[in-house]
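Each of the next two complexes has chain A plus one more chain, namely chain B in the first and chain C in the second.
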Partner chain A sequence: MSLKIVQPGLSTSIQDLGRPGFFHLGIPIGGAMDRFALRCANMLVGNPEGAAGLEVVFMGPQIEFTRDALVAVTGADLPAKVDGEPRDGWTSFEVKAGQTLSFDFLKSGARAYIAISGGIDTPPALGSRSTYPIGALGGVEGRNIAAGDVIPLGEADLIEAGQTVPADLRRMPGNSAELRVLPGLYWHRLTEKAQQGFFDDDWTVALEADRMGYRFKGGSALEFVDREQPFGAGADPSNIVDGCYSYGSIQVPGGLEPIVLHRDAVSGGGYFTLGAIISADMDLIGQLQPHTPVKFVKVDMDQALAARKARKKMLAEVRAHLG
Partner chain B sequence: MVAIQSPVPGTFYTQASPEEPMFKSAGDAVAAGDTIGLVEVMKTFIEVKAEATGTFKGYVAGDGAAVTAGEVLAELED
Partner chain C sequence: MKTRYTYGGDEHIYVEMDDEMSLDAFFKSLSMSNAVRDADIHGVTEICPANASFQVKFDPDMIHPDEMMRRIKDLEHNADDADKRMKTRIIEIPVYYQDPWTHETLMRFRERHQDPNGTDLDYAARINGYDNAEAFIEAHHSQPWFVSMVGFVAGLPFLYQLVERDKQLQVPKYLRPRTDTPKQTVGYGGCFSCIYSVRGAGGYQMFGITPMPIFDPEGKQNYLRDFMVFFKPGDIVKWKPIDRAEYDRILSEVEADTYVPRIAEVDFDLDAFNADISGTNAKLMEALNVA
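What follows is the complex of A and B.
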C-alpha cells in the first residue's frame, strides 16, 4: 500500500492543489506550480483532481511500488520507465507490485507530475498535503521526499490503463515564453520609459527560480518617478511602506531583476510590485527552465479574464474527454 | 568514449571556485564517482560525477556555460 523512495531526484515534493485561506496569516497557498498538469495526471488514474501526487523538478526520482497501481506522468517531458521500459507521458500505465518507476533525462519543461491511483495519503496539514518546507507543513514530516521514505497510498479502484490527454489539450512549454502582465497598484512608480522598457526588453529565467518565486534577468534597470519616500518605506525607490503581495505579483528589488511570486511565496513585504502575471499563465511559469528567453506582454483586465476563461475551457475539454 | 551528461538544466562549472583548479584535465585518470564539475540551479550546486572509470579526454561544455539536462559536459576514454 505504499511507495518506496529509492532515489528522490533533485527536489521532489508531495503536492496537491494547495491550502488557500491562510495567506493573510503568512501561510502560502502552496500546491502544484502547474496545477493543470496535476489535475490531468489525477484524472488519468481515476483520482479526484485535487489528490496529492509528486511534483518532480528537473530530475526524476526512482520509486519502487509495493502494490499494483495506475500511474500517469504529465507536465514536463520527463520520459518515464517501468523496470527500464519506456512509457508515454500524459497517458496512464500500470505499475505492478515490485516494479520500479524511473526516469530519463528531462527533455523539455521543468516540472513533471506523477499521479498514482488512490493518491498519496500522508497526513494533511491545514487541509492540504502540499509540502511547504520552510514552514515544515505537509509532505513527509514537513519536507521533500528523501531516499528510504515509505509513502502511504489511499485506496483505489483500478480503472483501465491507456487513457491519454490528446496532444492539443496538453500545455507544453516551448523554447521561449510570453508571460502576460496586468499592471498593478504601484505601476505609477515607474517612469514611462521604464514602463515601456519592461515590455520591450528580452529577459531570461535566472538560476534563482523555485517554488517561492521566479527571478528574471537581462533587461534594463527600472527608473522610478522621483518622490519623497513615505515614512517607513526606506530610502530605496523600489521600497514601499509594507503591503500585501499576491500570487503572481512581480516585485523588482532595487529596480534590477523582476521576481514573480509563486505558490510558496511570502504574503507581504516592502517591495513595490509593478503588476501581476495573469492567472492563466502561472502554470506555464512552473514549466520554465533556467536560461529560457521570456517576454512580458501587457494586457488589460478584459484580456486577463478572457485568458482565464480559455484555460477553464481547456480543462473542461480534458474532463469531457476523460469522462 | 564515454560521455558524462548533465543531470539537470543550469549553469556548468569546471572548478569548485574561481581560485581552485579545474576538477579534471586531459589525461587525468578518472574513477567512477569522481566529481568532474558542478551544475548550479535553484540556489544549489549539484556535483556531476563520472559513472565509469577511464581517462579524462576533456570538457565539452565550457566553464559558466548554460546547459540542458542530458547535455554532454565532458568525455572519457575507456
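What follows is the complex of A and C.
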C-alpha cells in the first residue's frame, strides 16, 4: 500500500493541482508546475487528473514498491526503469510488489511527473497534498520526499497497462523557447525603448529557477520613465507600494534580471511588474533548464485566449484518446 | 486618487487605487475588493486585497476578461461611498529589539546592505534623523500600526504606522535581498513594518524579533487552532518592547501552549483618526490596557 523512497533524487516533491483560495494570505496555489504533464500521467494510470503524484526535478528518485501498481512518467524526458529494465515515457507500465523504479539521466526538459495508480495519499493541507516547504504545508510533513520515507497510496482498480499519449499530443520542450507575454500591470513604468528592448533581446534561463520563480539573464537593463517615487514605494525606480503579484507576472528588480513568478509565487511585494506570461505557457516554463535561450513574445488578450483554447483542445484530445 | 485598471496576464485583473500609500487608498481598496466578493461574479477564483490595490484571479473559460473588467469597474462607485469605519481588534505584539538572532543574520549579509559598517537599526535611525537606535526604537513602538496587507509568504503582515505622514519612518530595502531571515523577525521596508511569519529570504531591514508565532501549520498554538494564519487586513498592532528575560518567559509559554496574546476589540474610524490622530491612538491603546 505504499512507496518506499530509497533515493529521493535532487528535489522530488508531492504535487497535485494545488490549493486555490489562500493567496490573499500569502499561501500560493502551488501544485505541478507542468499541469498538462501531471494530468496526462494520472489519466494513463486511471487516476482522477488531479490526483497527487511526484514532481521530479533533473534527477530521478529510486522507489521500491510494496504493492502492484500501474505507473506512468510524463513531462521531461527522464527514462524510467523497472528493476533496471527500460520503460517508455508517456506510457503506462506495471510495477510489481518488491520491484524498484529508478531513472536514467535526464535527456530533455526539467520536470518529470510520476503518477501511480491510486494516487499518493498523504494527508492534505488546506485541501491539497501539494508540497509548499516555505509554509510547511502538504508533502511529507510539509517537505520534499527524503530517503527512508514511506509514502501511502490510495486504493485503485488496476486498468490495463500500455496506454500511451500519442507523440503529437505530448508537449516537449525544445532547445530554445518562446514565452508569450501580455504587457500590463506596471508596463507604463518602462520607457518605450525598454519596452521594445525587452522583446528584442535574447535571454537565457538563469540558475535561480525553481517553483517560486524563474529568473532570466542576458538582456539589457531596463530604463524607467522618470518620476518622483510615490510615498511608501521606496527609492529605487523599480519599486512600487507593495501590491499583489499575478501568477506568471514578470518583475525586474532594479531593471536588471526578469523573474517570472510560478506556482509557489510570493503573493505580493514591492517590485514593479511589466506584465505576465499567458496561462497557456506556464506549463512550458516548468520544463526549461538553466541556460536555455528564451525570447519573450508580445501578444494581446485575443491571442492569449486563443492560445489557452488551443491548450484546452489538446488536453481534450488526450482525454478522448485515453477514453 | 485615480483608480487604474489593468490585466495581469489572461487570468488576473489588477486594480490600483493610488500609486502612493495612504489609509484612504487602503480603505477604498478593501471596500472595493469586498464589493467584488459580495457581487459573487461567476468565474472569480481568488480576491487579494493589498495596501493600496487589489487583484482578482478568474477563470477566463468561464467569463471573458473584458466582461470581468466591466463588472469590476461597475463596482467602483460603491467603494467611493464606502464606510471608512471598521470593527477590528488591537493586538499587543512583544518585540525583543536588537536581539542576537537578527544581529547574527544582519552581520552575515552585511555586504548586501547600504551601510556595511553599522547595524540595520543604526542605519535606520540615522537616515530618519534620530540620534541613536534607542530613540528610533522608541519611535517605532510608541504609536500603533495598521495591518494594510497580508501576503508575500504565509500570513506575513505588512503594517502601516498610524501617525502623520511627516512622522512616518521610511527605510530602503537591502541592496540585494538576503537568502535568510529568522522566523518572526520584525522588519522594515519603504514605509512598512512587517513580521516574517516563517524563516526565509527577505529584503527588509531587521529590527528585532517577536516570540509570538503568527503562522502555525501544525496547529500547536491555542490561539491559532481555528486557522493557521493570525493576521487579517484591518488588524491594529501595538509593539511592546521586551528584554531577553521576558522573551525567554514568553517563549516558554509558547512552547507549553499557554501563551495567549493580549487583544482588545475596537472600532476604527478613518475620519475620526484623521481629525485627531493622537487622541484616536490614545483610545486604541487604552482599550489594550484594560484588556
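The definition used in the following text is that the second predicted complex is superposed on the first by the 323 of 323 C-alpha atoms of A that agree within 3 Å, B and C clash if a C-alpha of one lies under 4 Å from a C-alpha of the other, contacts with A are read in each partner's own complex, and residues count from 1 in each chain.
Everything below uses one rule, namely that a residue touches a chain if its C-beta (ideal position, glycine included) is under 8 Å from a C-beta of that chain, and two chains touch if they have at least 3 such contacts.
Since we're looking at a predicted model, the values are computed, not measured.
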When chain B and chain C are modelled together on chain A, clash or fit: fit
Touched partner set for A:M172, first chain B, second chain C, both or neither: neither
Which superposed partner A:D210 touches (first chain B, second chain C, both, neither): first
Superposition-derived comparison: chain B or chain C, residues of chain A touched: C
Which of chain B and chain C A:I277 touches, first, second, both or neither: second
Contacts of A:I159 with chain B and chain C, given as first, second, both or neither: neither
First (chain B), second (chain C), both or neither touched by A:V82: neither
Touching partner for A:M1 - first (chain B), second (chain C), both, neither: neither
Which superposed partner A:M59 touches (first chain B, second chain C, both, neither): first
After superposition on chain A, the shortest CA separation from chain B to chain C (Å): 10
Chain B contact footprint on chain A (complex, rising order): 10-11, 57-59, 104-107, 110, 207-210, 289-291
Of chain B, residues touching chain A in the complex: 5, 7-11, 40-44, 46, 66, 68-70
For the chain C and chain A complex, residues of the former touching the latter: 6-12, 14, 16, 18-22, 45-55, 57, 60-61, 64-66, 149-156, 158, 160, 165, 170, 172-173, 189-192, 197-198, 200, 215, 217-218, 229
Footprint of chain C on chain A - complex, ascending: 20-21, 23-27, 125, 134-137, 142, 182, 184-185, 187, 230-236, 239-244, 246-249, 266-270, 273, 275-279, 301, 304-305, 308, 312
